[in-house]
Amino acid sequence: MTPNLILLSSNINLESLVIAVSGYLIVFTALISLFWIFNLTPKLISLGKTKIRIRQGKHPLPQEGKGISGEEIAAISMALHLYLDEIHDEESGVITIKQISRAYSPWSSKIYAVRNQFNRL
Amino acid sequence: MKRAITLLGVFLIILLARWIAFPNSVSGTTSHESPVQNTTEIPDIESVDNGENAFSLAGEGLRKFIRYSGFRNASAGHLIMIGVGLFFIFLAIKYDYEPLLLVPIGMGIIFGNIPFFQADNLNMQIGIYQEGSVLNYLYFGVLKGVYPPLIFLGIGAMTDFSSLISKPRLMLLGAAAQVGIFLTFLGALALGFHAQEAGAIGIIGGADGPTAIFLSSRLANGVNIIGTAANGDPIYVKNLIGPIAIAAYSYMALVPVIQPPIMRLLTTRKERLIRMKPPRAVSRLEKILFPLIGMLVTTFISPNSLPLLGMLFFGNLLKESGVTKRLADTSRNSLIDIVTIMLGLTVGASTQADRFLTTDSLVIFGLGALSFMVATAGGVIFAKVMNLFLKGDEKINPLIGAAGVSAVPDSARVVQSVGLKEDPTNHLLMHAMAPNVAGVIGSAVAAGILLSFLL
Amino acid sequence: MKRAITLLGVFLIILLARWIAFPNSVSGTTSHESPVQNTTEIPDIESVDNGENAFSLAGEGLRKFIRYSGFRNASAGHLIMIGVGLFFIFLAIKYDYEPLLLVPIGMGIIFGNIPFFQADNLNMQIGIYQEGSVLNYLYFGVLKGVYPPLIFLGIGAMTDFSSLISKPRLMLLGAAAQVGIFLTFLGALALGFHAQEAGAIGIIGGADGPTAIFLSSRLANGVNIIGTAANGDPIYVKNLIGPIAIAAYSYMALVPVIQPPIMRLLTTRKERLIRMKPPRAVSRLEKILFPLIGMLVTTFISPNSLPLLGMLFFGNLLKESGVTKRLADTSRNSLIDIVTIMLGLTVGASTQADRFLTTDSLVIFGLGALSFMVATAGGVIFAKVMNLFLKGDEKINPLIGAAGVSAVPDSARVVQSVGLKEDPTNHLLMHAMAPNVAGVIGSAVAAGILLSFLL
Amino acid sequence: MTPNLILLSSNINLESLVIAVSGYLIVFTALISLFWIFNLTPKLISLGKTKIRIRQGKHPLPQEGKGISGEEIAAISMALHLYLDEIHDEESGVITIKQISRAYSPWSSKIYAVRNQFNRL
Amino acid sequence: MKRAITLLGVFLIILLARWIAFPNSVSGTTSHESPVQNTTEIPDIESVDNGENAFSLAGEGLRKFIRYSGFRNASAGHLIMIGVGLFFIFLAIKYDYEPLLLVPIGMGIIFGNIPFFQADNLNMQIGIYQEGSVLNYLYFGVLKGVYPPLIFLGIGAMTDFSSLISKPRLMLLGAAAQVGIFLTFLGALALGFHAQEAGAIGIIGGADGPTAIFLSSRLANGVNIIGTAANGDPIYVKNLIGPIAIAAYSYMALVPVIQPPIMRLLTTRKERLIRMKPPRAVSRLEKILFPLIGMLVTTFISPNSLPLLGMLFFGNLLKESGVTKRLADTSRNSLIDIVTIMLGLTVGASTQADRFLTTDSLVIFGLGALSFMVATAGGVIFAKVMNLFLKGDEKINPLIGAAGVSAVPDSARVVQSVGLKEDPTNHLLMHAMAPNVAGVIGSAVAAGILLSFLL
Amino acid sequence: MTPNLILLSSNINLESLVIAVSGYLIVFTALISLFWIFNLTPKLISLGKTKIRIRQGKHPLPQEGKGISGEEIAAISMALHLYLDEIHDEESGVITIKQISRAYSPWSSKIYAVRNQFNRL
């Protein structure tokens, strides 16, 4: 039988078959684990949020990610696409400079930065 | 079809090249022989007798110039490889096949095959295999596997995993397509390659250039010892980085040629018309959690994938964290560009004719083509199997299984294209991106596993 | 207060980590012991007897996979460190604490603590301490002190020294705050560290990450010989780069937590209300002269500061010369970003649990917190002393003394914030920038002096 | 006495105290030198400029850096800050391309460069 | 004329420097002597007798600080070189002479001449010639000739060869001007330099900084063995990289000073008024073919030019292919900027007084000036010769011959400027760009030829 | 005679003269080859294009690169130059952001990419 002949004349042996099969299975293991976790994640997140809101005496949020249906997303992305596409046709004539280096001088930027940052402190 | 000719062309060129360049050694491999062909003694102007007159000296100068020139040192192999390089550049510019890879690689092939005078006791530091040459320094990043993780950092910083997060089920397609890797591994063993070499060859089926370079730099680098000869000398693994890298990138560029026939062969028209439910929106928190969880899960399962997957998810975290925008920008622009230039150039230049035009290269190219086909089939068939367990609008269009081979984003585009031919309103791209990026993760995990089993 | 818990949290985690991970060795240090924990022999599939059947082989394959997986090799230390990494990332994303540093470092900590199989005669080139691994190559720039000067080049190219040039008097505050360095040096000596180690630990008080890494790569690198054992073997200095770098960056991120209480403790309300005269405009010529004179003066006084201060002032000259805009742009964008990514990642990864979770690290964290406090106090008190000699509208608001620790620009922002709480119309930021950048110069000079005294 | 005990049981000795004290003083020396120089610099610069102008028979310049008071600077920087802040709120909707590569073609840029450069020759 | 004084100034400074710094060794060269001047033993605070009191210890600390400070170790040479560095920066900022080169080089000169304590058994890793210092690591790219090809990659990606493609005849002017290289080679031989050294000195006449550094790193690197002494010891070639690089960049910056008098001397007013036919438009295909054909032709003729010309044409293909815009962008922005900073800084720093202030440097500067003049004359005269064979509106304005020296784009600007002075409506710049870029190719070919003849 | 003396006392010998002369000639060889090829190239290209068009039964193209005279190019480039110059004077006041990262999300960009790419398939 040909397959057996190949096995004899080549470097294929039981060990290498084990490597191939178990290797393929481990790849599946890795991606199935990810699938399993990310199938769960959105539920855990909305669960967590609901709990916190309830603890704070607020109404639970309408479940995020379910309010916006796929159809709406598709519509939005298509609209966005068309919009960007249009812009694209015009942009090659436009010349601008890179963002002026507002971030580096204490004279202007740092004040600017403060306003944004210290709300958090 | 124009594209089919392209594919055929590549094969014929290499086949011809092998015969024309080294007609006598087709039966064996030459990779362990000395790369130096010219062992004539170095022409030395100083050795000219002092009694000679200026005229004969001028002749001597001319002779020396010619002896060093490319015209004198060119072999058929050099010219064929230069032709291949020009062909790659042509494909990139004319058909826009992966130009960011094929232009640097094509130019690198020319670079590496400019003929120059070689002799045992002379190192003019020109060629990529000559110590101290600039190319040799830049090649370091390939040999040591430093470039691929940096490429993955940039890829992570430019990849949006939303499609995958919203439909995690499609992740399985990215696993299924890795069957190409493991079957090619067995195929290479069957053809007589050693286990380490076979593992490196198998990874071509992962359809992922950086992963292929990384794995072959670890397994088939010409340095590892794989046995002992009768006389006690160590036997070294072959250095297959060049052929493997070129094969991987070539077939990635040829994905629009290779995949469609297989996809059509394995699916019914009804299946190709399946419309999939649009993905849901994904929250920022999920996007931030993805690289963190993804990294922990995959690298705990396969720690040897850390250099690749760690960098991929690190890059993605830089992108999604929202607070490190400038680092993500640099990763996916200057950094990845610089590394791409260096990587493409040196991988191309590593195809110096006397090292590259071997039967091994030819066999690797053959196995590579097969593995791409097997991987495509694996993805499509697994999608059909999944459909047996899914119902109604949950059903998967099996075409997107083909995107599981990775080759981001080309194979996803191929899916879109084949889908549109059946129904011009059925856009599959969004859905195909999920198995596409999952395929990147899948082949990096597979590379890690091969490393841990074979090293 | 939420922030206080943060600080406490960091301490508790490390303390716990130390006890849980290595319960038996808390009393001593382990840094000189072999980092390899698993010395069991390498599982080798090839050694399986040929007589076994496929079923037992599959079991063997599975066993090998598990033995190499992270699950099997994980220790409590690894998990704790991964927790610390996730906590850093959380702080960066949630509270925006120095995200450009904490995200790469946090990810690096995870990177460095993915558990993998280690054995004496096996190098799978995964870990940062394994020769030939990608992380090991990238770590080179930390070990050799190459990254910090490149960071300083970028910082120079993005720093505006105008505030300092217009009020050079405030430079003294940048000197005063360096008291933290020298007291911590003495403190580390008192706790039994060797002089070189103590110098490296002291520099945490400089509140300047790159300076800390640079000095510790020179003084506490595990390579220098600091004495001879009884049996004639050389005694090597400890490698403290990891803990010192992590401590420095952690406390820099925690400046908004550490400084305000001390600032309020040491100043009266009346002092905190002092309004300072706005700085005068600075001419372009002065801005060009500053890096030139600054470089000559400081490096003539302390030539060992040249790698840091030379680069800082070089970057600033690129910025201020007005004729090398593109070089300044690249220095403060791509270049510093690339180096920041590499530096953060590898410094993080250097915290591999078996090397990092030692009593030394704990002591270093404690000393680091102290030194930040001492430095803050030093700056504030010196400002009050200067006020004794100044009158009228020349008086300094002593709060800006706290900015002398450097930690640019966070500690200047803290000054602004504390000042605004007393008087919402009194903007101190502009004034605080002067001691803030002077503090960078001051700690680099201090680093140079420690080098020349201790090397 | 505790401090003495520490000195005895630890690595602190007279030398290390010398290092700490003289180190701190040297840091001061460095920054005091810079203070001293940059306290002098503006005077030297305006002195130099005045001399040159007088030598050229012109009136001395009104002393630069003193004409604009700090108050004015503060006002300007605040105005600038507000202006930049406003722009910031709008800019996220704007799409432009990077500066077209005007600098590289002899057909356009080099002429351009010449115009700007050769005034100086 | 103001500019003439500039030129004179440079010479005087160097001449004086040589005499003041090393009055006794002007007659000979010192490059092979030990660079270490201070061989006094290292001051060691630990060796102080324990019986001494704190007061004498403080004195000891102060003494040690002073002994290590720049003030104590400064020599006249250091101060002169710092003056030269400041002068370079002044020229760059005030007159805009090649600021992207002169600012980094000028700062590098200061960097390299900050005096520090040197002793045989002490390496504080400050100086560029001290192993393990940051500068030493960055200098690696100069020593090994890695930076110049990367610069050429960027130059290729920013150069438009249209003017050359449309008037290929003007290519000859770029060849003609290389006479400077070969005459300087003979001149250096006549002054007693060895053939390899003479070749490296000659390349200054190529007016191309990266080419000069590349060739001198291969030929005059202090490592090659060029003979055997009477006692059997090998004789090493001198390390002339520093002086050659500084000379090349200095004269490139001084092109507007050196060229105009020669151009006017060799041309009649009538010739200077010649108007040239505007160039024709060039198709995209021609622009794509140019780098490919250019690379094959030039490197087949001179394979040793591959590292330079291969990279130049690779960069140009990235630009012209139209499908690799992002790679071209990165090559001509971040990448070339980063390399320019490193190259300029380390080339500048390599002028450490004790190595640089030698008679050799002085002679090299003299030869360099001559070679620029000869090259300019060569280009102009050859243009006049070509005019003998051309008629009508084909005639060439011989001024553009001067642009053949390369020094892109400064010498083309000089042509434009000199032309405009005769006729303010006759714009020669467009035409001068052709010999200008041809000059780059020409000098790289010349470098390759010198390598193959001399290595 | 001085020149002979130099030859005697220096390292110049016949070999080095040969290097200098043949080196210079080889540089010429290289650039003359390029001159020769690029003198021919436009003719070959237009020849190729004409042949293809004729084979396809179309009229030969008006020869590209000859239709636009140099004068016209000069005029265009000058106009372009003036235009760019004007823009330059204004641009320093403009603040924009870098191109938004349209290229990276499958939600928008990839559709966009498809539209542009698949015409080619």
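A, B, C, D, E and F are the chain letters, set down in written order, and residue numbers restart from 1 in every chain.
Here is the rule we use: a residue touches a chain if its C-beta (ideal position, glycine included) is under 8 Å from a C-beta of that chain, and two chains touch if they have at least 3 such contacts.
This one's a predicted model, so the numbers in the text were calculated from it and none came from an experiment.
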Relative to chain C, chain with the most remote C-alpha centre: F
Repeat of the D-E interface, chosen from A-C, E-F or A-B (over half of contact pairs identical by residue number): A-C
Of all other chains, the one whose Cα centre sits farthest from chain A: E
Centre distance in Å when chain B and chain C are each reduced to the mean of their C-alpha atoms: 39
Computed distance of Cα centres, chain F from chain B, in Å: 31
For chain C paired with chain D, centre-to-centre distance based on mean C-alpha positions, whole Å: 25
Of all residues in chain A, the ones touching two or more other chains: 17, 19, 21, 26, 73, 77, 84, 95-98, 102, 107, 111
Residues within chain C bordering two or more other chains: 45, 61, 65, 96, 301-302, 329, 333-334, 430, 449, 453
Sites on chain D touched by chain C in the complex: 6-7, 10-12, 16-17, 19-21, 23-24, 26-39, 41-42, 45, 64-66, 68-71, 73-74, 77
Interfacial residue positions of chain B with respect to chain F in the complex: 45-46, 48, 54, 57-58, 60-62, 65, 95-96, 158-160, 162-163, 256, 319, 329, 332, 409, 412-413, 416-417, 420, 427, 429-430, 433
Footprint of chain C on chain E - complex, ascending: 45, 61, 64-65, 68-71, 73-74, 82, 86, 89, 92-93, 96, 99-100, 103-104, 107, 110-111, 114-117, 122, 124-126, 132-135, 137-138, 333-334, 337-338, 340-341, 345
Complex contacts: residues of chain B adjacent to chain C: 144-146, 149, 153, 218, 288, 292, 295-296, 299-304, 306-307, 310, 314, 317-318, 321-324, 326-327, 329-331, 333-335, 449, 451-453, 455
Touching residues (chain side chain C, partner chain D) in the complex: 164-165, 168-169, 171-172, 174-176, 178-179, 181-183, 185-186, 189-195, 198, 277-283, 285-286, 289-290, 293-294, 297-298, 301-302, 430, 438, 441-442, 445-446, 449-450, 453-454
